[in-house]
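Per-chain residue numbering starts at 1, and chain names A, B, C and D are given in the order in which the chains are listed.
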Amino acid sequence: MTSEALIDYVKGLLGDKTKWADPEAGDNFLTVASEDWKNICQTLATDKKCSLTYLRNFTGTDYPEDDEIELTAHTFSYSEKHGLIIKTRISREAAVCDTLSKIWPAAIWYEREIFDLLGVSFNNHPDLRRILMPEDWVGHPLRKDYKQQETYRGIPTTRPA
Amino acid sequence: MTTVIRELGDEQRELVLNMGPHHPSTHGVLRFVLHTDGEVMRKAVPEIGYLHRGLEKIAESTTYPGYVPYTDRVNYLEAMFANEAFSKAIESLSDIEVPERAQYLRAIAGELNRIASHNITIGCITMDLGAITPFVHLLRERETINDLIEALCGQRVTHHYVRIGGVAYDADDNWLKQVEKFLNHFEAIIEELDNLIVYNEILVKRMADVAVITADDAVGFGLVGPNLRASGVDWDLRRDMPYGIYPKLDFDVPIGAGEKGTVGDCFDRFVVRVRELKQSCRIIRQCINNIPDGDIIGNVSRKIKPPKGEVYSCVEGARGELGVYVVSDGTEKPYRVKWRSGSFSAMSIIEHISEGLMIADLVAVIATLDVIAPETDR
Amino acid sequence: MGQLAEYFNAIGRTILTCSDGLAVTFSHLFRKPITIQYPDRTAKPLTEMLPERSRGILEMDQELCTGCSLCSKQCPINCITIDVQKNAETKERILNKFVIDIGKCMFCGLCVEACKFSAIRHSKEFEGTVSDVNRLKINFVEQPAPVAKPKKGEDPVLKPVGSIIRKYLADQWAPAANKSSDTNSGGKSE
Amino acid sequence: MNALADFIINSLGLSGLSAELVMLLLVVAVAAAVFGIGMTISGLLTLAERRVAGRIQSRIGPNRVGPFGLLQWLVDGLKLIMKEDVVPHDADPHMFRMAPYLVVVGVFAAFASLPFGQLLIASDLNVGILYLLAITSLVTVGVLMSGWASNNKWSMIGGIRAAAQIVSYEIPTALSVASIILISGTLSMQGIINEQGGWPWQWYIFYNPFTFAVFFLYFTAALAEGNRIPFDLPEAESELVSGYNTEYSGMRFAGFFLAEFANIYLMSAIATTLFFGGWQIPGVTPEQQAGSLVLQITGMVVFMSKSAVGCFVVIWIRWTLPRLRIDQLMSLCYKYLIPLSFVCLGGNAIYLLIFPKPSSANTLVHMITTLFGGVLIVIFVTRVMYHHRISGVSLDLNFLARGEKGKYNPETQVRAYGSFRKKYEKKQGAK
């Protein structure tokens, strides 16, 4: 499917649950509410015509002005050769979202990474631990207001002058 | 002896082994926690993060051209592709045209880099299975590639060659001739490699039917590149989502066919990479024959301010799809950069397929999945 | 029957493939080794065998530097520190300090590309071992002096590549070791 | 040795206690000599291994210490002696300390009944070959002990692998040796050599097609017993780090290391004795050889060079082949080597029934087998030449002056900024 056809098809499939981005702003994506997040992803991944079986990339971005964290899932279909970007926004304080790991196993590690670096926790995740930073690290580095701790277990985190 | 043997009931006991962070076959600093029953494994859990350098956080405080040399460090074996992926993202965000000669040079340098990277991978696979000589032979060839690339751009590993809008240095005819000379030599070495190790019965028996990854699993876990193709999925970004000069080039995409066992076993992953060496040579030859004259870098100012927006750009690196997701807020510094690397997803599948393998098989699995620790940790 | 055939096939394949592998390695005994016996048995120092574009440790020529600090602005890691002061009487700009922290430098070459006066460039030197990381901060200004004022259309006079940094390396990095080895070998050769 | 002792005692006219004392001193001296020879051989083998590996991998190998690096092994040994002997905190100290001795004793005691020449054998036991098979089994105990006592899981896996492997491969080794014993009719090492002749077609490897096969069975099994690639699972550095000897350092590590290399020589020497006519010189009968000192020395050289070729092959195989997996190792032993050894043993027995020893038909079979072996070697040489022709051209792109040889000057250039650089620049300036 071409990307226009796919967008039309998805619009028909999901109805008014989605919000589409302004086409001027780079890649075309759809935004869904965080409650519908898992169900919509499930639908899109299993739908015969979409068959977005490949989770290409899954990440989050922090927007402190909006007090929100944006989760972005780049999905793709090898058989149909089309891709779709699905987004959702959750609040920064209570950063909780449903897990996608049942739909795409690749999400297990992506979600661990988002949990580690952005502090978003995922419901029903099989193994939600820090992945890149040490277990006892304080803070989530990719949040915009993150301040690096000065020492880690007595080791200075910056090079002494 | 105070070995930790976990009691799991009457008949079940398991030995918990710690493989790494400093282990000869883990390719960088990474750790596996093995739950074994003697030689046979119940589960192998990868623990990563020992090489986390915060590349994504660093991006938030550097300029766009200033971040390009950092992309060299995403993966020390394929710096060219990381350069290219990031440059491509910024080019598509701010509509920069890349001159044709630069695109050809990108392809030549990229394919040379792919050969160099595959040399290490193939060598490491054989070395982890006990044959050390092929590794040294392939390293010798990689050394020549490094010399070639050093003559082109001045650095052997962290190239910083592909820039936003083109490439940094032009190649003269003498250099192109030398590349051709190297290819003549290297194609003979590939033949020799076939005789030396690839079809060696011991190696085949070690890898055939071991750790089979089905096509569904491969797609679900997001495996990319040679790992995905070895599972029988016919997909190559260079051919199926063409970028740069690749649509004009003629090359084959090797697919795992279960030559000695099942589709998607270790041997397929190994042999797909060996086949790709030859295709890369073919691509470079075509590029050398067709390279036009002209500029090597487009009209790019020193200060790059892409418009507000976001882009996901990916190239077919040596470990498959190397993607970068860039969010721009209109300033000269990126708002968010996220790397999507092949090793990360390859690492995530190990726990899933490790059940029932032997310790020696796990080594083969790690090697054939071509997991590079800096790329997983970034 | 098929199983028996496979049994002997496997033996045959193993013998054939292994012996062919052995033939390949045996043929290597008659080939030339490619080792470069670095550092002490090369015909000339390795730095002089490196290609033209080789990006080694940075060096800065004080006689060419205008103190414009374009290079330090381009540097992604801020490893270049420049201190330029204006002399109140003569209105001349004095270059006080030009420090490159080679311990931080990642040899990307952005500063070299930014410099319009060919003052900063890569040498081909690459051996930079020191016992203390802070000794890698090299100040390229020996005596504070007025900055260069290049005339338009005039080509800068370049010193041989590596001649500037080599002096600093020899002076700063291992003065004690150098002196003793010099006197030793000098004494023996005389 | 007994002959020598009798000679000394008789010529000095000693008796009683002093004769016993001379006997004792002689035993000690011979033991020390055998141990010294074993050490030297294994030391030189470590050097040979590194040099051969270097050339196979387009490198040079150690070439700095002494001419062609010939003293490298001494320096390595010196380094290892001077290193600290670390015993891990939680290890079982007594067993940990004892294990290397068992390994060393197991291997070096076997040297006592190796026939280096017709008269050069420390002790020509009439059960020589059985003694060799038995005494080398001591290695298993040492290796298992070291793996267990290290209190390291990787070492333990290595030790257990070693035990399983060595015990299994004893069977094909013994069975292939049995074939030869069947033909020669003696267990004594010298006796087996005496039965053979100097020319290749008189060797037992070309005795008949079965012995030809038996040699390869023996060689494979012996490789496995010596823990060499492709059967080096107990060490397997890419899987088990270094297996049973991971925790060892200093001289104890050197013990394991030297024992491994002594074992290579041992298996080559046994192969030389059993299959390649030992010290027999072509065209010279054992009686002629016994009377002449020159021929004695020639015989020794012949024996040493035959076993050196064997050692080279072992090293060469190590740097070519990948490693087996433990289940494949076991299936190779029990599914391939043992049945085939039995077939060969039976075949030899039937052969001996059909062709009794001195007969012209027997000689014809020897000749045909030798010819077959020769043809195999010719085919192999053509393959080597083919590979050398196809990809042997070395690449010279002239980036770095590869292959340009400088002169070695030990006084110069420890650092590039030292006197080497200054002298070089002065020389350039003078030009």
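Following the convention adopted for this analysis, a contact is a pair of C-beta atoms (placed from the backbone, for glycine too) under 8 Å apart; a residue touches a chain by one contact, two chains touch by 3 or more.
What you see is a predicted model, and the numbers here were worked out from it, not measured in a lab.
Undergrad: Kindly list the shared contact partners of subunit B and subunit C, in label order.
TA: Neighbours common to subunit B and subunit C are D.
Undergrad: Would you kindly count the fewest steps from subunit A to subunit D, each step being a jump to a chain that touches the current one?
TA: The distance in steps between these two chains is 2.
Undergrad: By CA centroid distance, what chain is farthest from subunit D?
TA: Farthest by centroid: A.
Undergrad: As a quick test, compute the distance in whole Å between the mean CA positions of subunit B and subunit D.
TA: 42
Undergrad: Rounded to the nearest whole Å, what is the centre-to-centre distance of subunit A and subunit B, using the mean of the C-alpha atoms as each centre?
TA: 24
Undergrad: Could you state the distance in Å from the CA-based centre of subunit A to that of subunit C?
TA: Each chain reduced to its C-alpha mean, subunit A and subunit C end up 43 Å apart.
Undergrad: Using mean CA coordinates as chain centres, what's the gap between subunit C and subunit D in Å?
TA: One centre to the other, that is 47 Å.
Undergrad: For subunit B, what residues touch not just one other chain but two or more?
TA: In subunit B, the residues touching two or more other chains are 133, 140, 147, 150-151, 192, 195-197, 200, 202.
Undergrad: Any chance you could list the residues of subunit C touching two or more other chains?
TA: If we look for residues of subunit C contacting two or more partner chains, we find 18, 20-21, 23-25, 34, 50-51.
Undergrad: Return the residues of subunit D touching two or more other chains; collapse runs of consecutive numbers into ranges.
TA: Where subunit D meets two or more other chains at a single residue, that happens at 56-59, 319-321, 387, 399-400.
Undergrad: Can you give me every chain pair that touches, using the contact definition above?
TA: Result of the pairwise touch check is A-B, B-C, B-D, C-D.
Undergrad: Report the residues of subunit C in contact with subunit D in the complex, numbered from low to high.
TA: 11, 18-37, 39-47, 49-51, 125, 127, 166, 169-170, 173-174, 177-178, 181-182, 184-186, 188-189
Undergrad: Could you pull out which subunit D residues touch subunit C in their complex?
TA: 52, 54-60, 316-317, 319-321, 336, 380, 383-388, 392, 394, 399-422, 424
Undergrad: Across the complex, what residues on subunit B touch subunit D?
TA: Subunit B reaches subunit D through residues 1-3, 15, 17, 23-25, 38-39, 126-133, 136-137, 140, 144, 147-148, 150-151, 178, 181-182, 185, 188-189, 191-192, 195-197, 200, 202-203, 205-206, 358-361, 363.
Undergrad: Which residues, counting only subunit C, touch subunit B once they are in their complex?
TA: Counting only subunit C, the residues touching subunit B are 10, 13-14, 17-18, 20-21, 23-25, 34, 50-55, 74-76, 106-110, 114, 122.
Undergrad: With touch defined as at the start, can you tell me which subunit D residues reach subunit B in the complex?
TA: Touching subunit B from subunit D are residues 53, 56-59, 90, 92, 148, 151, 153-154, 156-157, 229-230, 232-233, 236-241, 319-328, 387, 390-391, 393, 395, 397, 399-400.
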